[in-house]
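Per-chain residue numbering starts at 1, and chain names A, B and C are given in the order in which the chains are listed.
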Amino acid sequence: MPKLSDTMTEGTLLKWLVKVGDKVGVGDPLAEVETDKATMEMVAFDEGTVGALYVQEGSKKALGEPLAVLLEEGEDLPEQPVTSATASDENGEAQSTESITAHVTEAVPLPFAGEGRIKASPLARKIAAAESIDLSRIAGSGPGGRIVKRDLEKAIDNPASGVARVASTGGTSRLTTVSPKPSGSGDQRMMLSSMRTIIAQRLLASKTQIPHFYLHVELDAEPLMVLIKQANIAAAENSNKLTINDFVLKAAASAAVAQPKVNASFDGDAIIQYASVDLSVAIAVDDGLVTPVIRSAQEKSILEISLEVKDLAQRARAKKLSPDEFSGGTLTVSNLGAYGVDSFDAIINPPQSVILSIGGIVNKPVVSKEGQIVPGKRMNVGISCDHRVVDGAVGAEYLAEFKKRMENPASILV
Amino acid sequence: MPMTLYRHAINRALNEELANDENVVIIGEEVAEYDGAYKVTEGLWKKWGDKRVVDAPISEAGFIGMGIGASMLGVRPVMELMFFSFAYVAFDQLINNAACVRYMSGGLINCPIVVRGPANGGTSVGATHSHAPENLFANMPGLKVVVPATARDAYGLMKSAIRDNDPVYFMENTLLYGDPAAASDLDDGEFTLPIGSAEVKRSGTDVSLIAHGRSVLVALEAAKQLEEEKGINAEVVDLRSIRPLDEETILQSVAKTHRAVLIDETKPFCGISSQIATTIQQEVFDDLDAPVLRVTSIDAPAIYSPPLEKEQVPNARRVVEKVMQLG
Amino acid sequence: MTNQPEDQSNYAQAEVNLQLDADQKINLMRDMIRIRRFEEAALKYYNAGKMGGFLHLYIGQESIAIGAVSLCGENDHIITAYRDHGHALAVGMNMNECMAELFGKSTGCSKGKGGSMHFFAPDKNYWGGHGIVAGQTPLGLGLAYGIKYKGLNGAALCFLGDGAVNQGTFHESLNLATLWDLPVIYIIENNGYSMGTSQERSSAFKGSLAQRGEAYGIAWESARGHDLYEVRAKTQKAFNRARNESRPTILELATYRHQGHSVADANAKKYRTPEEIGHHKENFDPLSLWKNQLLKEGVLSEEKHRQIDGEAKAEAKAAVEFAEQSPYPEISEITEDVYFEVDQGSTAGKTGRHFFHD
């Protein structure tokens, strides 16, 4: 199972696009794989003949598990599958795909392997349950990659090895903090999708491990609304209509240039401040959300941003994003204005340090500069900050920069 | 202290029980004047005479059936089969009569008979003389099946078998009769060993080698190699009795080592080890760190060719290889 | 047709028969009638679906079991094959335990564990009741071996059918019987058919099946099994040989079964003509012959006969009621009576696992 996203620890093989005996060339699609975020094509990195398919369609496999074997000409089907080490490199796509082809030529399943379940001895399962160890994080050293007692002993003796307890990795068994009431008739039990699992793991980790604080401002959206109306009349010919969100994204990126301390990550003993504002945009899809990234948003015009975000959203909903399109963002914008939400506080998308939460524009009475109560169009904007990176004043300054741009939208258009 | 050979241990048990109970009579082909085809009954006819030690014609169905009939009347025949392979011509008597008559009579009858003889392959005598049929007999409720691996066990279990009031099929081994590795340090005192009690022949921590009969010696040799060459500390459990079966000792061992390799000279299909494997997975499933593996006779009639037959039956190399497969 | 020896000797004058008083003669009749009424009742309830498996009826052969067993003493032992109801009642088993066994009830002689073919009463020196043809012949030899080994003056009566004489174990037993001088009496109840195959089509023989004994140096004799006096006279000679010389005998008694091989034997009439069956029923039914003999001798009246017959019918009817009212064995009893040591609760019976579960 190749690593096809940054957060992927397992994938679901949705569909084989080849069958045993097919000849494939470099770059030919082999299968559709559902990751935690998208449905991807897994392509061949070598040419050869498909010798065996180890995994049934619809089954889940951990990273590094053999999925198929490609044979070179004259090569026989190997006797034993060799499970590659789980790729742990953050930029591991190339590395993990290499490992696919590497083990692909060596691997053959033991009986019952490849059913999408973790292979562990009964004793290993007993120990894992007692020690709250997530077996999916353990590499098995037994025959066919079976996790055996010694693998768990190693993990217990060496907690820093990364194979780790459920509590520190957010394994699914610990996602439930309080048992739900027993389901009754009519209730449904829906198994977690890959995406749901990863959302649950990451946001649980974020909310429990990152010290959040929240700031809000209300800004005057009147000028923005006027500008959008004018701009879209002008833009009718090329048919791309700017949205409130396009301005929000441009303002967010631009404000981050003005206050770069929010465009950063906490990294143990250091803070990494990014040169580029790679803007993650939260997009709701069936059964979850994805956050495709607008790279170097600070350098892009609002039109470029507008076109790009529309394309990303469309492909996100079709689950056709590639992993590099939703990984590596530095700052996230979540806009629930279109859903009628006035204001809210979002959970930080690690390893980022801030997330903007954009409410809808509401008509409400405001006190004018002249001290009179007049009708106004107002937008509530919140920011959630990782206090390890961003202090209150920094967050406030960023919000102020954002507000300034939003209330003077012509500056954004320039 | 001189070591007692396996055949002499049985001989001593027979001699003592002939003295202890006047109803004990030894019947079999060439057990008397010839002194036993494998000299297990050597000297007994000279000492006890025609009435107590009886040469039977080659007529297994006839004389085994006769012994079963006599046992219903309280005679305690110890019947020798020159080879347990010959039990097959007496199968109706051994199964339908000895095993079932108590049941069919609603418990009114019992058969205190011992049928004993070598039951092993590995001597290049071809398929007809090389059967290890303990699984066939242990399959039948009403029978007891005992397979001792050492002289001490053979002695103590033979005495218990003769005193037992149910039919006991006592399976010996031509390769053990004179094997110094199976010899034991027996003092002069009489003792019995209970049927249905296994023994840990070698204590270990990493894997349980569970065997019976000569396979116990194979397991001990394999355990030695595993320790010296692989650093693996194997425990060897000797079943001693197949039915009744000492499951407790088996399960305790597997719960301790978490791994089991079963060594069993019967054929793999429905062998003794099949039953043991079922018991293990049923009772200590969560203690298993690996599947239960087996080393049995290779699944064909016993081959004649001497070097090949040594491969066909379990041997230490095959056991070591199997242990290494546990991973 | 069965082998019917033409022997006109007056066996009534044999010593063993001269010793019989009137009551004893009537008792022999009563015993034969009881067997027949028992089996007729069994057949009725078998047909009513009250029993499982097979039911091999002895009807027509009663004079053999009654005649031979009437000669047994305390050191004599009896064993037979699967057509065993007659011998069971002959040795003194009661109709209730036998009928309950047929019904598969816990009050049966084998607690419902044996069935029709497997009746036992060791306390009456009766060792079954064995289902495999000729399987009992080495066991009978073993009984003789035990008698001799223990120094008792007795004999083992081992009954077998004419179909059993071709089994190897029977020949092995004959060899051993002579070789070791064992006091066994093999009584071949020759009803002419080895299941559905006639003697001519199943056995090679010279004068008779018993004559095969000559090859083993065994004394042998043929007799008319329907004649109670003759059965007793010739069996007594065999007993004398066994008790006095510790030598075996083969006795072949010609007889005829009125029913099929078993009740399940739907082709009873396929291999025998109705005329043949009718001929035997009319002329060689041991019950009619003995009744007429006793009437002739003046020791029996028709009224007495009716009374005895009525009592036997009532006894059989009561046995059916007993069987019907009796409980079936409990499931927990399935694993009882397998091992002596377990049943006794001895140390041996408590060591190791004797019974395995799924």
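By our rule, contacts are C-beta pairs under 8 Å (C-beta built on N, C-alpha and C of every residue); 3 or more make two chains touch, one makes a residue touch a chain.
Please read all numbers here as calculations on a predicted model, not as lab measurements.
Visitor: If every chain is a node and each touching pair gets an edge, what shape is that graph: line, ring, star, complete or other?
Guide: The chain contacts form an open line.
Visitor: Determine the chain that sits nearest the middle of the structure, using the mean of its CA atoms as its centre.
Guide: Minimum centroid-to-centroid distance belongs to B.
Visitor: Looking at CA centres, what chain is most distant from chain C?
Guide: Looking at centroid distances, A is the chain farthest away.
Visitor: Centroid of chain A to centroid of chain B, CA atoms only: how many Å?
Guide: For chain A versus chain B, the centre distance works out to 65 Å.
Visitor: Report the inter-chain centroid distance for chain A and chain C in whole angstrom, where each centroid is the mean of the CA atoms.
Guide: 89
Visitor: So what's the Cα centroid distance for chain B and chain C, whole Å?
Guide: Chain centroid spacing, chain B to chain C, equals 39 Å.
Visitor: In the complex formed with chain C, which residues of chain B make contact?
Guide: 23, 25, 51, 54, 56-57, 59, 61-75, 92-93, 96-97, 101-110, 112, 141-142, 144, 160, 164-166, 194-197, 241, 243-247, 275
Visitor: Mind pulling up the chain B residues that touch chain A in the complex?
Guide: 258, 285-290, 325-327
Visitor: Could you pull out which chain A residues touch chain B in their complex?
Guide: Per the stated touch rule, the residues are 121-126, 141-143, 146, 148-149.
Visitor: Once bound in the complex, which stretches of chain C touch chain B?
Guide: 77, 79, 108-115, 118, 120-123, 127-132, 135, 137-143, 145-147, 149-150, 168-169, 172-173, 175-176, 179-180, 335-341, 343-344, 347-348, 351-356
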